[in-house]
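Before anything else, here is the set of structures, which you'll find just below.
Next come two complexes built around chain A: one with chain B, the other with chain C.
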Partner chain A sequence: MTTPAIPEGVKRCSTRKFAIWLAVVGAVLLWGVYAMFLVWYKGLNQTGMNDAYGFALWIWADLAVIALGGGAFFSGFLTYIIGKKELKNVINYAVIIGFICYSSALLILALDIGQPLRGWFIFWHANVHSMLTEVAFCLSCYFGVLTIEFIPVVLENPKLDRIPFLHHLSHNLHEVMAVFAATGVFLSFFHQGSLGGVAGVLYGRPFAFREGLLIWPWTFFLFTWSAAAVGPCFTVMVTWLTEKVTRKKLVKQEIFQLLGKISGWMLLTYMIAKIADTLYWAVVTAPSKGFALMDFYSNNPVYGIWILIAELVVCGLVPAFILISRKGRENNTMLITAMILAVIGVCINRWVMVLQVMAAPLLPFQEWYMYMPTWQEVATTILPVAYGIILISLAHRYLPVFPQEKELNPGN
Partner chain B sequence: MTKQARHTKTKRYGMVIDLDRCTGCGACMVACYAENNVPFRKDESDKMLSLNWLRVFKVDNGKPFPDTEICYIPKPCMQCDGRHMEGHSPCVSVCPAVATDYDEPTGVVSQIYTRCFGCRYCMAACPYHARKFNWWDPVWPADMEKYLNPDVSARMRGVVEKCSFCYHRYQKARDSAYVEGRDEIAENEYQPACAEACPTRAITFGDLLNPEHEVYELSRSKKAFRLLEKLKTNPKVYYLTAKNWVRRKADNYLEGESPADRKPAHKAETASH
Partner chain C sequence: MFPFIFEWAWDISHLVFMGALWYALSIIGAGLTYCIIKSLYDTATQEGGDNAHH
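Moving on to the complex of A and B:
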């Protein structure tokens, strides 16, 4: 008797339906792959970037997916280091989402450099003073850790699990996972932070520049804190979306609420620090360079003060207060809405720290620089989303990702 | 080589541009293009895609006719010394692959094209937009390749380039001095193409630390200022003007602040080098 590829005791859609689903998402993926090859073949002239916008949509996407993928390291930290054992019910998915986010980030980085074949120079000719060097090293190492964390999940596929060597490998990897979780936390602290440092050290760009502690600008710590706060929200959001698509409950509501509570307090403390940072920047840092706060939020068609309010209040304080209140967490609509707002908030933060930095004029005789991405940039930014959906679909179908699925869906 | 080059005094090469003399003719830009093998495309209307190492900006005082006044501001790379005058210019410290170099003996910031992998972090860091990216492969009109300067390497698509104060001219001058057994080069032996081409002698170039060089006095003039001085990038390109409205165009001032309140452009730190 052959072992089925689908885990025991769970129900999955027909192969035909699954194939159609994969074909639809695969078409989007192919569109992105075509754009990717255009960029590699013809160069960065295929983008809407210019000399004012050295960094644009791709770097934003990079920063955003890495922040959202922060659910992997922070959930791992909570599960294996702090000992929140109930989070084992969501840790597999957090790792898969993290793996997708980080592999996407590396792909986007490979696209975003003018000489892709020289990408290895960042390791070979490393400049220890550059935040980007720190990003490259920590990002690559952490991706390695995520791959190691992902392997035992893959090996739990029923067909693979029948092979004794793979079965034991998977078991042993599970045993030592705390070591990798700790390594992941250490690496994540630095690469999330150094991504914040990328903007914060730019002392020639008053919108981005921040003072800090020793060599690290405040953005270093703010980026790490915000990724830890919002990463779990993204994990819950994707799990909730998976539940909607599969029409099944996959994780118990208490787990969502626990993650919501932790995220809520993380988000609130982050917002206090972020607001303090913004105030200091607006009152001390920017004026010392000749800029008043409103210089950065006026005389242009996009960046009004609304974006600061949206980031700090609507997508910052509001979700934080919802998530720290028991009533807010117990109402599923409120819980998910708060998490979506928090995810949007961190995306806005990463956007302004990349795009608004480039847009704001510095010399008084210059205008705001506006930018419109080309379809090639958009397609290659959607490409990781399609890739993520495919990987999640395959993982959900063939791997026992959610330990509580059988219990929550007894009729299957 | 049979003898070792002897140690020479540290220099800080810099430029002083007299805006009250500049007519905006653009000869400096043309000279720069020709000297440095800077490629150009058929359509150069989008200046943020142009590979201009030196760009002349036209600014006005914002007043209607007949009170309108115009000023032209040539803007090469500012060759920043950095916040602490130690070469950590905005672009140098951020480059992840050490493709941006600060030359300690001269203070010239240059780009190593074969090292650059095109991440463009230096462009994001530079407040002057002095750094240019090769969005396309360089193509010159037929036969024009024969006129390329053999002393300057052409750059490929996907790397960043910028004004180097015609550093190859410095190298040539040093080589000549060495052959002649001299340690130092004279002021007129090393001049960038833009300074040479300027018909009104608006651009003066030399060692900012050498009292015998013209730029020494000019950079210490009461009329001297630098672009965006409040950012503390410490550029080595100085400007001269007697017009207050022009100075206001060079930096950002909060309400109630005035260029007249500023300290002289030339910082004491420069002299101590």
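Moving on to the complex of A and C:
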């Protein structure tokens, strides 16, 4: 169907069908909202966390969505600063995905701090020696940048575009978008890095502790690099999923392949650095603290050496080699599989850097601490997924997100 | 965050950390202000032109 609010030249499903779709996803969203209010009303006793396990499922979700949302800053960097103009066909969607990821991260943090009414303390009474303060500042500012980048996409809705001021605002925001994109790159570099830095500076946790450069542990650079490598993979993955759901081609295959090639080389260089870091940590850093490598991967029901192999080989080197090879990129199944593996790989990395760090024993008489999230934690972690699906559905229906859609679907 | 908050100290950590924050916020604020003012100007001049035309 077409209505004045739907972009010109594209067809969308009926309002009834769309409403049913929203209702189904909305039910999941409401489940998450209920759990969210339980946490705010009753407190953090609704979670499986305790004094020994202060970072858990939420922080993993936070780190994972921030890494996956890195597609927005890196695509913006490639489009507006490096000048890869062909990426303009996917930059709108990258921004929307980034917006969803970062707003979700802020929502999760609002839950995790326990008393959201005191959330502003981190800004007002800033501890300038804390990597988390840097994360809070850069995250909030970058969310502001993403909102500014998202506004012109919203203003391109046919109905809004008829209002002269909004039409000009959209145009003028586009004109100076490179400035915002550059600011976004600056902010992203630091908050992605500082999230890694938080783990790397934990000298009391030998599983996470890393040496580094000046005040920055190697994990600072590894986190930024991995987010830049895998963010575009997530953008392509979500675009591909959207194509499957809508049964339409939305972006030309060459764009997927270009992003795949860039991600592939980024991922390969990241994996070389990550493997070097892991080797140095296993051979020098951990033994200097009295630990052998296998101390971190044995005597517990979950964390075997398999997780290291899964992260570095199956979800690291394998997708990297697929993506850098022309044959791998030209085969769509291989391309998407590699991107899904890369996304899983970065999620595993964030998982071990949050949860395995907390689980591993520190002293010879200690046991592994295994944590089980409560349903409230699970529901509030699924909440951003439902919220993301709803926002993407609305954006796809009412905004001209994909400039190539009309050309690629002439029959519609 | 501000020099008038009690824990503020005029040391290099505060200057670098807060300097970077305010630098980023200034760029975002200036960019946004420019766009809004330019859009208001464009709207006013275009409407003026349209009215004159009619």
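By definition in this document, the second predicted complex is superposed on the first by the 409 of 412 C-alpha atoms of A that agree within 3 Å, B and C clash if a C-alpha of one lies under 4 Å from a C-alpha of the other, contacts with A are read in each partner's own complex, and residues count from 1 in each chain.
The definition used in the following text is that contacts are C-beta pairs under 8 Å (C-beta built on N, C-alpha and C of every residue); 3 or more make two chains touch, one makes a residue touch a chain.
Fair warning: this is a prediction, and the values are worked out from it, not measured in the lab.
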item	value
First, second, both or neither for A:L160, with chain B first and chain C second	neither
Greater residue coverage of chain A in the superposed arrangement, chain B or chain C	B
Touched partner set for A:I6, first chain B, second chain C, both or neither	neither
Partner chain(s) touched by A:H129 [first = chain B, second = chain C, both, neither]	both
Touched partner set for A:K289, first chain B, second chain C, both or neither	first
Contacts of A:V179 with chain B and chain C, given as first, second, both or neither	second
Touched partner set for A:L362, first chain B, second chain C, both or neither	first
Contacts of A:M370 with chain B and chain C, given as first, second, both or neither	neither
Chain B versus chain C as contact partner of A:L22, first or second or both or neither	neither
On chain A, positions contacted by chain B and by chain C	124-126, 129, 133
Contact set on chain C toward chain A in their complex	1, 5, 7, 13-14, 17-18, 20-21, 24-25, 27-28, 31-32, 34-36, 38-40, 42-43, 46-47
Interface residues, chain B side, partner chain A - complex	46, 48-50, 57, 59, 73, 83, 88, 90, 93-99, 115-129, 131-137, 156-160, 227-228, 230-233, 248-255, 257
Touch list for chain A against partner chain B, complex	43-45, 49-55, 112-116, 118-119, 121-122, 124-127, 129-133, 136, 198, 201-206, 287-292, 295, 357-358, 362-365, 369
Chain A - residues contacting chain C, complex	123-126, 128-129, 133-134, 137-138, 141, 144-145, 148, 164-165, 168-169, 171-173, 175-176, 179-180, 183, 186-187, 190
